[in-house]
Amino acid sequence: MLLLIQYTLIFASVLILVALGGCFSEHSGVINIGLEGIMVMGALGGALMLKFVPATVPAIVMIVLVIAAAVLVGMLYSLLLAVAAINFKADQTLAGTALNLLGTAAAVVIVRAINMAESKDNVSSTITYIESKKAFLVRIGGFEFNWFMLIAAVALVVSYIVLYKTKFGLRLRACGEHPQAADSVGINVYKMRYAGVLISGMLGGLGGIVYITAGVSEWKFENGVAGFGFLALAVMIFGQWKPVNIGFAALLFGLFRALSNVYTGFPALVALKLPSTIYNMLPYIISLVVLAFTSGKSRAPKAEGIPYDKGQR
Amino acid sequence: MNKKEKKSLLRNGAFQSLIASLACILIGLLVGYIVLLLINPAGAGKAIISILKNFMYYPTKVKALQYFGSTLVKTAPLLLCSLSVLFAYKVGLFNIGAAGQYVAGAGACLYCALAWNLPWYVCILAAVVVGAALAAISGLLKAYCNVNEVISCIMLNWIALYVVNMLLSTVKDASSPYSESLTAKNPGALIPSAGLSALFANNKYVTIALPLAVVVAILVWVLLEKTKLGYELKATGLNKQAAKYCGMREKYNIILTMAISGALAGMGAAFFYLTGVEQWAVTQTSVPGMGFNGIAAAFLGGLHPIGAIFSSYFIQHITSGGAYVDKSMYCAQISDLISALIIYLCGFVFFFKLWLNRVLDKRDEKRAAQGQKGGEA
Amino acid sequence: AKETATEADTSSVIQNETETTTSGETYKIAMVTDSGDITDQSFNQTTYEACKAFAEANGVDFNYYKPDSDSDEARIAAVDQACAEGYNIIVLPGYLFGATLREESPAYPDVKFIALDMSEADLRGDQTDVDLSEVYNVENTYCAIYQEELPGYMAGYAAVKMGYKHLGFLGGMSVPAVIRYGFGYVQGANAAAVELGIEDEVTVEYAYGGQFYGDADITAAMDTWYSTNGVEVVFACGGGIYTSAAEAAAKVGGKVIGVDSDQAPVIDAYAEGMTITSAMKGLAPTVNTLLSAIVLEDTWADYVGKIDNLGLVSENPEENYVQLPLESTQWCDTFTQDDYKALVASMVAGDITVDNNIETMPETAITVNDLGNIK
Amino acid sequence: MCERGRGKVTLENYAIEMLGITKRFPGIVANDNITLQLKKGEIHALLGENGAGKSTLMSVLFGLYQPEEGEIRKDGKKVEIKDPNDANDLGIGMVHQHFKLVECFSVLDNIILGVETTKGGFLQKDEARKKVMALSEKYGLQVEPDALIEDITVGMQQRTEILKMLYRDNEILIFDEPTAVLTPQEIQELMSIMKNLAAEGKSILFITHKLAEIMQVSDRCTVLRKGKYVGTVETKDTTPEKLSAMMVGRNVSFAVEKKDAKPGEVVLDIQGMTVASKRHKNNAVNNVSMQVRRGEIVCIAGIDGNGQTEFVYGLSGLEPLKSGTIKLNGEDITHAPIRKRSMMGMSHIPEDRHKHGLVLDYTLENNMVLQRYFEPQFTNKAGFLKKKEIHSYAERLIEQYDVRSGQGPVTLARSMSGGNQQKAIIAREIDKNPELLIAVQPTRGLDVGAIEYIHSQLVAQRDAGKGVLLISLELDEVMNVSDRILVMYEGEIVGEFDPKKVTVEELGLYMAGAKKGGGKNE
């Protein structure tokens, strides 16, 4: 049971962070299909930090450094989307897709280059961080608390406040709903959209490192992040672009994900003999069904996906 | 006078797409080369060359021909995926689900071939139908529940993958994670070569799938540009309400568009797996990249069916070329990197054209203005 | 006579090569990975390291190739490529190379093929009725298969003897070698339990990860085994999948059994003394034997055309192709080295036989929960 | 008539001067050396045909576009207006033709957007709310601060836009076609509001196509034609006729001259039509029965939002009926698909030309055949389009109906002026040679020239023996064009009148729902 909770929470943390990322980007008017790729890059940044910082440094230092790395790399990478989508009015779905493909490819190339530089034979795309990773974990009885759970929760609250209680949030959402209006009252739509995308890069990158440290102490980057970025996208929509709902959606999806792995701990479920594929598939099916019913009056930002161009009306 | 000609040529949309695409390719390769240099200056040049040479790497004509064949074999499905993407895109839908429809198609044709021992044409049909059906779901959701097709497609991609893995597990080798080999189980399901393989040093995977793919490309072009149906579909894609207002069955059209798009992707899968070149690994944990590369090919081809033929070949060419990079220095992902870069750069094409036209307009206005001034004076 | 002939034209083709070795012949060794990479922490890696070591020791040219996709077409392409670059000894680890051999061994009569994990069945593919010599080129190919069920048996036996009652088996993908390990493991555990008369106390959780690497999902499953279900030791059998087992074991001081090579060094990185033993098969020795046979001793003739079924050959465990590591195994007074030696002896003698079928889970007195693929 | 502005440099104190402004767009000079001088505290009307360059000129003043030539002065000092911020800092505000409000924000949020008051980054809405309420008191601009824009009437949306300007203490207020979207009542309110503002010393620029409004509120009026400056006149010593002459370059007749109608047999017969409402529980159209005969123009008058839109949707098949029957030429089409209705001779000039009327990203020629691309003359049996025929057909319509655009048949509809977009639609619908022509607010946002033209076309159709059903919000249009007036109020026909026998005032009462059960005054 504890395990179920633990894994639900850790998976949910990943989903919350990444989905919030998508949420910011879309509220600014930029669809971010590229979350998957951003996660990989963020993960890469964090993993390298874990690899190169000696495991002996105090936990808090390690945590800060790793997060900083993941966030930074994530943001830098999301710049690719920002430039293409905002300055060059590229098709956002296209740019996002490119980011996804590029993310994994680049990560593998980089990691291999590093590994091979270290030892000629090590052509693997794997980074190991057995010791250094322990910094994130605190055992409370049978429960393994992960600092990222806290961070995700905080991110959730902060996002809510930023989006709905601050000037920045008001302007950001205006840019996603009606950029011409925002422009006509002197808000710099381009700046705002940059902000939105960069924040999504930040949270996406963070989500990435959380994911690859969630259960293992080494990561093989050929495997990307196994569709978690897309799952997060589903969470965001399921949560109707609202932080609080996203929180719940993430918990639900996290639960399914966890169930698919720890169900052997529940005789009842074992008895069902459902292939775990079913559990893995459920989140996608559910979000489709939910979409079908909610999208009629979907709260998706109106101007999302439409490049903003002063000349156009 | 020749100024005029130059202008008219620059103004020509097709020509613009061509330059744009070439630019994308060049920049993509350049960046790839730089990456190689960073990793290991020694072999960078050799590596990029071998990527570009692909099969020409073989000294002997025979082998070269044979592997030229292999590249073509993999081009056919890519072409169909890119057609799937660009068809939907022309009608205002972004079918990111081509990947999933491809998976569904693969599942359908392999299952028909292995479980029911059906002949190849039936298997292709099955793939087409299933691909279409899957895409039609997205269409339905968009038409009746206004669910953004990109999102529903992404969901369906994963669902398709899981389902197909489950389905094909029932027809897999007892002792391996692969679907049974067609040659062994049901040679009748292999697409006939009709003597084509002879042209490619008896590369037995070269089949009539190649010419068929090209024919389909041409058909797509005709459908889009020349027919009433194309006119209707595009209108619907551009303005649903207007389409309804003038009596088009707009919901039906959206669904039809997705269905056709999905059918193309499904056919792509059939054209790949029914050559026997590859078996399906039921343990795949991620959707095959074919559909996504299709996006690349579609945009690199300037969203033109005929352009797609060449862009698809190019993408496949460098992808296969990646295999010849010296593994002791670099990894094959370099070519993934390059094609990903190219997709990314394709995003800039529209802006490039816009910019080019703006420049031309400015120039013409200046001319006009001067002309007027001259007139007044 | 034939062999020498082969030798002759081999040399004739490669005269123009530059590399020369002690034996005066000129060889270039290439290895092709099956679908994984040479860092799969499994047979690809072992084979690669063995080849490389040999090549460096004897100044032979060596390189490896990785097919660009997981298909026979790609594997064949990789071999073509190696041959085109003048490599004339090709090492192929993994049962997936059957089709490749059928195609390539006749195509390159002057190249020597060494196929590991290659059973006759794999080699024949669907050509079950024709004579083997028509299936592939018996004049330039050597195949070896390992009796993984034996080391698996030993590991299972050892684990129960060491006093562990709740065992687990976490396979990678359900491929023949892995299955043989697993079923052997179950039989071994069963035998030991019966011997100790504790059939009803011993349980084996049996599952495949469906992949050769660990991740959060598999770790979650392992956590359930160790923490919730109280599994004490897990036989992590397949590439990097041990990472998930070790990850989970570390949290509750659980134990792990390594595979293929002595994995104690790798796995103990997670926690001291986590690895109670490893079920090893002698890929490296085989590679060495054959490469030296070709390059150094000119005794290739003794091997070519064979499909060896490598297992136990001697009472002395260390001379066998399958074994447990003598030093890193955690011997205890319920299972001493001598007990192990005795076990090996009786296995050699044939007093103990291990069933090697991979179709159905062996009949056992102990409880086995077959969970199938958990991902 | 005064000379071109550059000549007489300012002695009186102007709030704003735009001197010799030139702005080019691809293929067109939207503003060609235009001069506009706005006095303090005056209401200055800007008049011109569609595409004359009014919005562009205002956009230049508001910093949305940069002019190629010319300069702008505030209180005699030269100023640079690079973007709306600069305009704001100079106290210039604008109510855009198409409102720039965030639908899912509250009125208050929209007003403060861009000039939010914050403490430590957090929004402080209380003072803002006070200030807004104060303003709305002072100028009689009622709004509900917390209502979402998407839930309030167009009128209140516009009041929000005005409050936006006032909240920013703007001195110079630009209104681009503010009345195009308002009901008569709302228009009157707006007029008085503008007067108050002017009285407060604010200077107002006011774009409209309705001369009556200009005569009513403006002090002076500047006229543009085809991007060129024609002149500026004192309103008190000019007349609508003079103005329209200046604007179009010829005399325009307002009274639509037409012979008496000779109604023939019934074309359209509606019995008990009821259409459900998307917004509220009770029906949008409730048990409406009416007829249209050949050779008459029947007009449905009423204030916006009284079910006219739904009525037309039901009639044209865009929405299903809840109950009732529709007969066209005696044939029941209640459940017929849209295409069938169209082929049976129903033409429909839609209310929203951007939403329904056009595929904005299609070329003009493709839009011209939108209703008949499938006919054998444009598509052969094999299902291929006959491009040549389509092209020449489009050229003919453009010629015949004088649709102006950049590149003729191959112009993107999006880039055409609204007026010309409307002409294109009318050409398409009329050339179908329909039995019944449904025209919904066909002259909305168009200039008098265009309006005159369209009215004459409607009459021509009538005289050709077609049935014409006109839905309009503008009383003078109703009175001038129609042969029979039905007033719609809350989804029901509350009265039927003969335009010659009824007064605007009486109609107004019915439209406002003050009187019901309209006596058929025969």
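Every chain is named by a letter (A, B, C and D) in the order it is written, and numbering of its residues begins at 1.
What we mean here is this: a residue touches a chain if its C-beta (ideal position, glycine included) is under 8 Å from a C-beta of that chain, and two chains touch if they have at least 3 such contacts.
The model shown is predicted, which means the values in this text are computed figures rather than measured ones.
Trainee: Could you tell me between which two chains the number of C-beta pairs in contact is largest?
Mentor: Looking at every pair of chains, the most contacts join A-B.
Trainee: Measuring from the mean C-alpha position of subunit B to the mean C-alpha position of subunit C, what distance in angstrom results?
Mentor: About 40 Å separates the centre of subunit B from that of subunit C.
Trainee: Distance-wise, how many Å sit between the C-alpha centres of subunit C and subunit D, to the nearest whole number?
Mentor: 80
Trainee: Which integer distance in Å separates the CA centroid of subunit A from that of subunit B?
Mentor: 28
Trainee: At which residue positions does subunit A touch at least two other chains?
Mentor: Residues 123, 125, 223, 226, 275, 280.
Trainee: For subunit D, jot down the residues that touch at least 2 other chains.
Mentor: In subunit D, no residue touches at least two other chains, as defined above.
Trainee: Show the residues in subunit C shared as contacts by 2 or more other chains, in ascending order.
Mentor: Residue numbers touching two or more other chains: 375.
Trainee: Return all touching chain pairs.
Mentor: A-B, A-C, A-D, B-C, B-D
Trainee: Going by the contact rule at the top, pick out the subunit A residues touching subunit D in the complex.
Mentor: By the definition above, subunit A touches subunit D via 165-168, 170-171, 173-174, 177-178, 180-187, 299, 302, 310, 313.
Trainee: What residues on subunit D touch subunit A, complex-wise?
Mentor: Per the touch definition, subunit D meets subunit A at residues 62, 64, 83-85, 88, 94, 96, 98, 100-105, 109-110, 112-116, 118, 121-123, 164.
Trainee: Using the touch definition up top, name the residues of subunit D that touch subunit B in the complex.
Mentor: It comes out as residues 24, 26-27, 316, 318, 337-342, 348, 350, 355-362, 366, 370-371, 373-374, 379, 383-385.
Trainee: Can you list the residues on subunit B that touch subunit A in the complex?
Mentor: Its residues touching subunit A are 35, 38-40, 94, 96, 141, 145-148, 150-152, 154-159, 162-163, 165-166, 285-286, 289, 292, 295-296, 299, 327-331, 333-334, 336-337, 339-341, 343-344, 346-348, 350-351, 354.
Trainee: Name, in rising order, each residue of subunit C that touches subunit A in their complex.
Mentor: Per the touch definition, subunit C meets subunit A at residues 37-39, 48-49, 52, 205, 213-221, 223-225, 227-229, 240, 243-244, 247, 251, 269-270, 371-375.
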